[in-house]
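Working notes for the structure below.
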Amino acid sequence: MTIRSTRRSLLAAGGTAGVVLGAAACSSSDPFEEDTAQGGEEGTAPSDGGGAVGSSTLVIGSQAYYSNEIIAELFAQVLEAEGFTVERQFQIGQREVYVPELENGSLDVLPEYLGNLLQHYEPDAPSASPEEIHSALGEALPGALRVLDFAEASDQDSYTTTAAFAQEHSLTTIADLAGIPDLRIAANSEFEVRPYGPEGAKSIYGVDVTVVPVEDSGGPLTVQALTDGDVQLADIYTADPAIAANDLVVLEDPESMILPQNVVPLVTEKVDETAAAAIERVIEQLSADDLVAINQRSVEEQANSATIATDWLGEKGLV
Amino acid sequence: MNGSPLGQALEWMADPARWTGPSGIPARMLEHLGYTALGVLVAALIAIPLGLLVGHTGRGKGIVVMAAGAARALPTLGLVTLFALLMGIGLTAPLLAFVVLAVPSLLAGAYSAVESADPATVDAARAQGMTEMQILTRVEIPLGLPLLIGGLRGATVQVVATVMLAAYVGNGGLGRYIFLGLGSQDYPQMIAGSVLVIALALVLDLLLLGVQRLTAPRGV
Amino acid sequence: MNWLQSNLDQIVAYTGAHLAQSLPPILIAFLLALPFAKLANAAGWLRTGITTASGLMYAIPSLPLFVLLPGMLGTGFRSPVNIILALTLYGLALMVPSASDAFRSVDRDVLSSATAQGYAPAARFWAVELPLAGPVLLAGLRVVAVSTVSLVTVGGVLGVPSLGMLFVDGFRRGIPVQILTGVVLTAVLALMLDALLVLAGRMLMPWTRRGAPRRSRGRERTGAAA
């Protein structure tokens, strides 16, 4: 064994790594990607650090929520029809993650929800009408950001129960829950500290409720926990098709404890009047029923966001 | 917003109110330990007999090593979410994922423990007229016990760090602080949860290291 | 099965991104572990300290680490730099004890004879010690590779594209096939990398190819197991 032969061995090791890296590069330039722009854009995102796109391109982000991704895709497709170049960066986890990227210009457009967006900037913001929240946002947002018009469609937290439980205790509003012992609500963990969580329910409606955390944002596991009777209540977003599918009852909120969460586009200065007008044409048409319907296609038909968006825009005559 | 993140986390922990009640630190820690123990125990019941058998007979080692390697490659978050979709909320889904996580280390510890016995010693035992069972329990296991405990130690530390995922699907444990902190951007709480997990892992690791040292046969 | 058909391009893109995030930490962790392991073997107390610290590093829950690192580094949440750094830390946690075992498995007498033959310390390391430690190093590297590929999925929760994104989205939409696809592809990627490492090991260390039966050797180092 000589020094030279070992060095050659180590070089060979380097060569192997090179081959592996080469294979990685090949797999992200796969022929499949020619079909849609989406896969390619996302595949290259990690290598360019998620930023640095030419000024003519609008970068559209979405939350890690299928419904939000479809709305983002609606914006993307109308903008493309308008002649803009669009880059998609979908399924970004937390608001803490994407809001800074909007503030520094790595993202230009993202579908948001009125109440949650305001609470991101003003955690103690009281519940109010959608119009009031929209105008409050005008002041709360940093200079580089603005919100466009909001949609009729809303996707807000709720106290939802089964038809059987509602009937058994004659429930129509959250207030009717007062006095029922050992109430458990399945929700994301942060429900615990939201103004409309257990504390709000106690102080506003005199209702005692314990949170059972299920981190699927009111998804199928939460619904299942409710229908199986593991919990009596669940925080299910109001645009979730599971509400109708399982004959669930959304309890009314006469004191407006829960913030309205109408869909609202959050955009940067790079979104000019033409682009804003295109996005607002989508917003104008997006009714509450539309949002439930497009969500339904995603979870029941398992259709992808691009297909759902193309179909809906075609139906509404927007592209 | 002053002070280092770790300092804020320690402040969060120092609040006496956090140390009582069903969502207090002692209660969450006990839940966390309980899930860990349960996961490791179920995995041990499967992996240790299998590992001893493979180590003793030398048969099926290839398959076991491959299965253990494949199990190591399975992402736990994927398993927890998948099992939960199929089984609903509760402990069953995450427990199953923890068992998958713990089996490879335990299996490797068990068969390498048996394998580590000097073949000459084993042959001598056989020549003395010991049955295969006696060879296993009186020679191979005592000699390899530190390696067996080593596997247990590895599995335990891995599981204790991963048990936070139980809280993802409706359970308790220290993961409650981590997910609540993450979801509500309360980072001191999230870090506090992580620090408690690390502390628990340290204590268990040192404890099992002690056991490992104590079980080392004299003169080897 | 609908989901699988309509998302093939997406799956391919995630797989590529997943691999791109896995390889750098595996390589960096391996290279950095060598000096740490040599340092650890310099003294018994150092070894205990370094291996205990490594064990603890591995006990840090990954999701909080992914969330906290950007704040400490000043990078964006979705910058792959965070993922690569975090995974390098976990890789080191596994690789340092393993490399320390590897160097300890080299017979002192062989090293002494190499010195007697006139090898300078550096040459002795490259020509004698490293190749002899090779098989145990490879065993450690294989564990690091598999564990890294599996851990990359955690970044998906924060929106760093990888197969992990399929877990969060599939969980939310209630599509088991989507999660299963992510789990299976992650495992396949890990096992393919593992197989490549075994192959590379055979090419670089031809003397291990026959696989000298472990039991035939009188004194067996036990530290290298598991």
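Per-chain residue numbering starts at 1, and chain names A, B and C are given in the order in which the chains are listed.
Keep this in mind: a contact is a pair of C-beta atoms (placed from the backbone, for glycine too) under 8 Å apart; a residue touches a chain by one contact, two chains touch by 3 or more.
If you're wondering where the values come from, they're calculated on a predicted model, not measured in any experiment.
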item: If a chain touches chain B and chain C alike, it appears here; value: A
item: Reference chain C; chain at largest CA-centroid distance; value: A
item: Centroid distance [mean C-alpha coordinates] between chain C and chain B, Å; value: 19
item: Interchain centroid distance [CA atoms averaged], chain A/chain B, Å; value: 35
item: For chain B, residues contacting two or more additional chains; value: 84-85, 182
item: Chain A residues counted as touching two or more neighbouring chains; value: 94, 96, 220-221
item: Contacts with 2+ other chains: residues of chain C; value: 157, 168, 171, 174
item: Touch list for chain A against partner chain C, complex; value: 1-3, 6-7, 9, 12-13, 16-17, 20-21, 23-25, 27-28, 30, 32-33, 35-36, 38-40, 42-43, 45-47, 49-51, 64-66, 91-94, 96-98, 100-101, 104, 106, 216-217, 219-221, 298-299, 301-304, 307
item: Footprint of chain C on chain B - complex, ascending; value: 5, 69-70, 72-79, 81-82, 84-86, 105, 108-109, 112-113, 115-116, 118-120, 146-147, 150-151, 154, 157-158, 160-162, 164, 178, 181-182, 187, 190-191, 193-194, 197-198, 201-202, 205-206
item: Of chain B, residues touching chain A in the complex; value: 84-85, 88-90, 167-170, 176, 179-180, 182-186
item: Residues of chain C defined as touching chain B within the complex; value: 52, 55-56, 58-61, 63-65, 67-68, 71, 142-143, 146-147, 149-151, 153-154, 157, 163-164, 166-168, 170-171, 174, 176, 179-180, 182-183, 186-187, 190-191, 194, 214-216, 218, 220, 222, 225-226
item: Chain A - residues contacting chain B, complex; value: 94-96, 186, 188-190, 192-194, 212-215, 220-221, 224-225, 228, 230
